[in-house]
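Order of writing sets the chain letters: A, B, C, D and E. Residues in each chain are counted from 1.
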Amino acid sequence: MPSLISPSERDYILKGIECNIRADGRQRPDYREVILETGVISQTSGSARVRLAGGTDVLVSVKADIGPVLVDPETGEGADKGQIICNVECAPSASQQFEGRGADELNNELTQMMTRFLSHNTTTLSTPSSTTPSSTGAPNNNGAGGINLSKLCIIPGEQCWILYVDALVLDYGGNLVDAVFMGTRAAIFDTRIPKTEVQDLGDGNFDFEVLDDAEDTEVVEGREDMPICITLNKIGARHIVDASPLEELCTEAKLVVAVNRSGELCGLQKGQDGGIEPSLLLEMIQFGKTLGQTLIKQLDAKIKAEAEADTIKRQNGQPVVKLGFFAQ
Amino acid sequence: MATPAFSFTPSTFQKLHPAEFFRRFTTEGVRPDGRLLDAFRPTTVHHGVISTANGSAMVRIGGTTVVCGVKAEVAEPKLDAPDQGYLVPNVELSPMCSSKFRPGPPSEQAQAVSEAINRVLKESKVLDLKDLCIEEGKAVWVLYVDAVCVAYDGNIFDAALAAIMAALKNVRIRKPTYQEGTIKVSGGSTATDENSFRLNLARAPLSATFAIFDTTLTILADPNVTEETISDGQISITLDETGLLCGVTKIGAASCSQSVMKDCVQSAKKRTLQLRGIMNQQ
Amino acid sequence: MNVSFHSPAPRTAISGSKAHRQSKQHGLEDMELDGDHEDGANGSGVKASTLHVVTPGEVITNDTAFMRGHGTYIENEKVVSSVAGVVDRVNKLISVRPLHTRYTGEIGDVVVGRITEVAQKRWKVDVSARQDAILMLSSINLPGGVQRRKQESDELQMRSFFMEGDLVVAEVQAFFGDGAYSLHTRSLKYGKLRNGTFISVPPALVQRCKSHFHSLACGVDVILGLNGYIWVSAHVPQNLDEIDTELVYSNKNKEDITPRDRESIARVGNCIRALADEFIFINDTIISFAYEASLQYKLKDMNKKEIMHAIATEATTAVDNMKG
Amino acid sequence: MTSVANAVVPGQRLGHVQEYSAGPGTYSHQDFLYASVVGIKKIIEAQGELPTLTVQRENSQSAMPEIDAIVTCKVVRVNPRFAAVNIMVVGETPCKDDFQGIIRVQDVRATEKDKVKIYNSFRPGDIVRAQVISLGDARSYYLSTASNELGVIFGTSVAGGSLVPISWQEMQCTKTKAIELRKCAKPM
Amino acid sequence: MATDRKRVAGPESSVAPLVEYPIDHQPWTPFTEKRHDSHRQPEDLRPIYLKTGLISEANGSAYIELEKTKLTCGVYGPRPVKRAGQGFSDRGTLNCEIKFATFSCVKRRGTMRDAQEKELSQILSQGLTPAVRLELFPKSNVDIYITVLESDGWGSCIAAAFTVASVALAHAGIEMLDLVAGCSASYIPTSIPSTSSSTTSEAPSEGATGSITPQIFMDADLEEEKFQQGSIVLAYMPSLNQTTHVLQSGKAEGAIISQSVEHCVEACNKIFAVMNHALLESIDQKTV
């Protein structure tokens, strides 16, 4: 991750974007090639590794664990819900800038963003009391995060599944956010949660058992509705996607647009130290939305293809071999 | 003292020779801000300024502003005091209120003030901690009393203590019910004497602070921040409503003779009486 | 919009490319360690035409006749590798060239670097070496006069010459006691870089050549820094006699970089990336061949792995044919 | 009360660039001039040129050293190469937080630079008037006293008395009458 | 914090008591009444009280109050960079820190800066930097410290932080391109959906929000936020017509978002007038 850029490089990049020829020959709305593999870590409930050709390398793991439900003392909200706990960490080896405490701010920014965009609780940001009281039957069933948290509850008021989503940035080559969210979607699609059997012991007491059968698992419900992120970098009067590290250094303002498959916007966040005119902002949101829907389609097709290939291999009794870290 | 050939604006002179600048004023019996040596700054008190707190108050002494909020939570009592709650006073001197303070853990001054106030509250038995018991050995109230300094212009001790006392007076806690290890309070309608209780404060200590100048033997009431920085030390006298001494805190290396001390106590009596009057208005 | 998803694939070597993977001093075909001594090398005999890759601690030979070079040490009279890399032999001297390493310079090397710090009378320059190189204020050509004396005012306005972030091309002039390189730009071909884009490749892929400044037929200038930093820019006709010394430190790109120029620059840049991806030595000849090979693809497709591979393959074949 | 009609806040459009030129407290953006500080708008007419629009700030910004500014500073440390100082006043405005500066040995005086000894020019505690010559490095501004009216303006002798200048490079203690060496500023 | 030895320590852990509502308790809902404080229309903001110059030690300061929401801000600088190891920079840096007072929210907040406060601080400096002419402050720092004394509505609290910080910056005499006004809006459905929407639809066109178009509530308070599907916070420079920050969470259709951006921009222009007034008032005070 370079931290410095010369004025002439900046000028070259800016003018190149103006005439739609980026320094590496891409056009403004072009992504780099995405290399994706799911199921790369066997100890997790689900995992994926996403790389953008030319640098960025993100490993996302999902681990399902059983824990107590989180209840809000004031509203009683949360008793019948599971949880998603997100964490993004940039490995110090990914960039010289990340050494020591160098990545703290970025880690926190990405973690908070992921929590906000993936969490069911549309206002996780606010005091925990501000979720929709279930008693009123307010309409949002699955929040912006898509995942159905109610399905993750095992015994209401007591135990639930907690999905720990950990993204580890192994290498930095620009456009972290998009890569992290693509990886997260792939990892959640790869996730299998064991089934549980709840027994009523009477007196309002319950007990449950986790079924040990590897075949008897469930997928994460609502995973199709999870959003992914498109980062638009405003450079000059134009905006590009999937910026390279040098392009990121020229970025005046970036806009992260979270969008789900039905084209609903699930989050917006401006980054960097510049401003955007409102009309351009709306144009960028619209652009991100269209792009995001296409991206989700292609990403899902790829995830599905890989899952199917794995299933066929399993049915034929062939070992499912992942290239993992030996791949190019 | 400074070579007369060089002329300075007053502000430049004050910056270069703060002590000398100040001395020229005090020898005339006034302070740079126009006050007499024994004058306190205008003081205001507002009660119940924060609705998310169980009790709150804002105290302003000159340019120093302190907002205090009390939050009540439930905790297990200590093993050796199963029927006593907790009273946890803290003074926050954030980097917002003055450039003296840096972000991060509390500064030395914040620690000193918090500890001094904690001692006053504890040792003058302002509140019977048994009043905070919900279920003996099981659950008690914790009162987090946080005084946030919004603007710092000296004499934080007086301002913080007054804000804390005013906030404690303002506290209302919903009456709790204890059931199988969980504490419940009723919500909804506004707090009344029916569904909530107030604190029974045994005493109301308030303080007056003076800055000491060793070389000139000057005593200044209610020092502001510049006076604090050039003074040799400060002494705070804490008195309750009957005029009984609750505590004396001195910081800095200044020495303080008996007669000076006596004068300070006399002045403090007058001041705390006046402050009490301001607090009870409304 | 243009996006494609791929599964990872195992690395495939480019066939017939070995000539380009050799070190320039000597082919690895010359590599002949006496058969008698091969037993020590974990039973794997050194075959003449293969690369001899060793890992740290691996015995290269136990023939005492050999001398140890860089990347090796002697233990129990055996030559042992201290790095992971490829064995090189010059007569009786054995050394191991590490696969991944920072730039190790020699006096006279042309390097491309980025200014990281402006200090007292000197700049610190990142040249991908173990430590930042130093460019002394006294080692640059001052503006206004060809060989003007350094003045005190120059010391106070060093940022008007080079600022943090600026890219420079310079020559390694000397070594300091602590091993840092001292650079100089006291030639009109050196100085600030403009009108183009920066690419970084492993330093080992750039070989020492007669010239590191190339003007390709496609109208693109390339500076191949021996430290693996490469500058690809629009062609600027150079007339060394009539250079305005004030302009040497300008930050302004030239006005007339056409979209065609940009496309060519991007294409050359992608060719260099494609070659570096396959660990092929980079020089002007192979870049030209790669450029020719790339013309059948659309520019925006050149980021694709398979196309990059195809371009690299075609370029190496072309070079082989030329040599053959 | 001032005429609030002329009071402006940052971002307020003040005029067209073809009518006025931008003075202190304003900036131009696209075709217009805007205020960049809170203050009173003033128009300074000039002969043969566009009138200059300025905004006289009401809330003075904390003082910051600028190149060529005259600063008053206190010497905190000396070594053979330079004297380290705290810049306390810029022009006539005191700084809320002191800035760091150094006076390098070659910047102490204008002539016979190679004979200058820092020890014979400044001592810790001296109040010095100096001029900013460069933004310097990451930490310190570079200052110069190479001018008659620049140098030590106030100092304390070894004995604790205050010093009075007796020549441009000597000062005398008012207590002991001992002479100490300094680069003195000529009183104005 | 059990390890915090620099503060007067309380018990190791404590919790807020559970709140039990009486059966006849009828909380406010958007289906019954228009807004939580009934005198407002959906597009109305709460009245803003804005005042400069409360912190004498700061270079600039301001206090903002939107009914219960109360924030103070102090600006220090430009002052020398204190942190060692930072290289030369020909631009100044803007450093922003926001802290919620422990008693500012329904739930007591920690004394240490938490992850959320750190993120918010970053968001604020991202949204304020475009307005400050940092090129005029080489190698210096401008520090903005904000304390939230009371928060009634998350979005409005962030929005108020933008507003109060930019007024404090202007009050500090710092050269700026424009003021930054902050505004928030919540998307709140105002009718109960007719059918249960508990089944996740497989067809992407029928998103979980169903067919109900939520209403845009400007400057929602905490009670209103409990019903929101999503919310947006916009920071905007009125004179230069630039958005300096946008933060949206929750789900919404594109049309709602463009509508709320427009609403927010409009509201920011109103807030700008208040900011303008507060700053001019500070001139009057001085010159009287």
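What to note about this one:
Throughout what follows, contacts are C-beta pairs under 8 Å (C-beta built on N, C-alpha and C of every residue); 3 or more make two chains touch, one makes a residue touch a chain.
All values reported here derive from a predicted model rather than from experimental measurement.
Taking the definition of touch as given, a chain qualifies here only if it contacts subunit B and subunit D alike; those chains are E.
For subunit A, the chain with the farthest CA centroid is D. Of all chains shown, E has the CA centroid lying nearest to the centroid of every protein CA atom. Of all the chains, the one whose CA centre sits at the greatest distance from that of subunit C is B. Computed from the mean C-alpha positions, the centre of subunit D lies at a distance of 39 Å from the centre of subunit E.
With centres taken as mean Cα positions, subunit C sits 67 Å from subunit B. Work out the mean CA point of subunit A and of subunit C, and you get 37 Å between them. As a whole-number value, the distance joining the C-alpha centres of subunit B and subunit E reads 30 Å. Multi-chain contact residues of subunit E, defined as those touching 2 or more other chains: 15-19, 27, 76, 79, 87-88, 90, 105-106, 151, 237, 240.
For subunit B, the set of residues touching two or more other chains reads 99, 187. Touching of two or more other chains is recorded for residues 95-97, 137 of subunit D.
Working note: touching chain pairs come out as A-C, A-E, B-D, B-E, C-D, C-E, D-E. Across the complex, subunit C meets subunit A through its residues 1-11, 114-116, 163-167, 192-198, 251-253, 257, 259, 262-263, 265-267, 269-270, 273, 299-300, 302-305.
Of all residues in subunit D, only 1-2, 4, 7, 9-13, 25, 27, 29, 34, 36-40, 57-62, 64, 95-100, 135, 137-138 touch subunit E in the complex they form. Put simply, subunit D touches subunit B in their complex at residues 72, 74, 88-89, 92-97, 127, 129, 153-154, 162, 164-165, 185, 187-188.
Within the complex formed with subunit E, the subunit B residues making contact are 49-53, 56, 63, 65, 67, 69-71, 73-76, 78, 86, 88-90, 92, 94-100, 102-103, 105-106, 110-111, 114-115, 118, 142, 144, 146, 148, 150-153, 174, 176-177, 182-189, 225. Note for the complex: subunit E touches subunit D at residues 59-60, 76-81, 86-90, 131, 133, 137-140, 170-179, 237-240, 275-276, 279-280, 282-284, 286-288.
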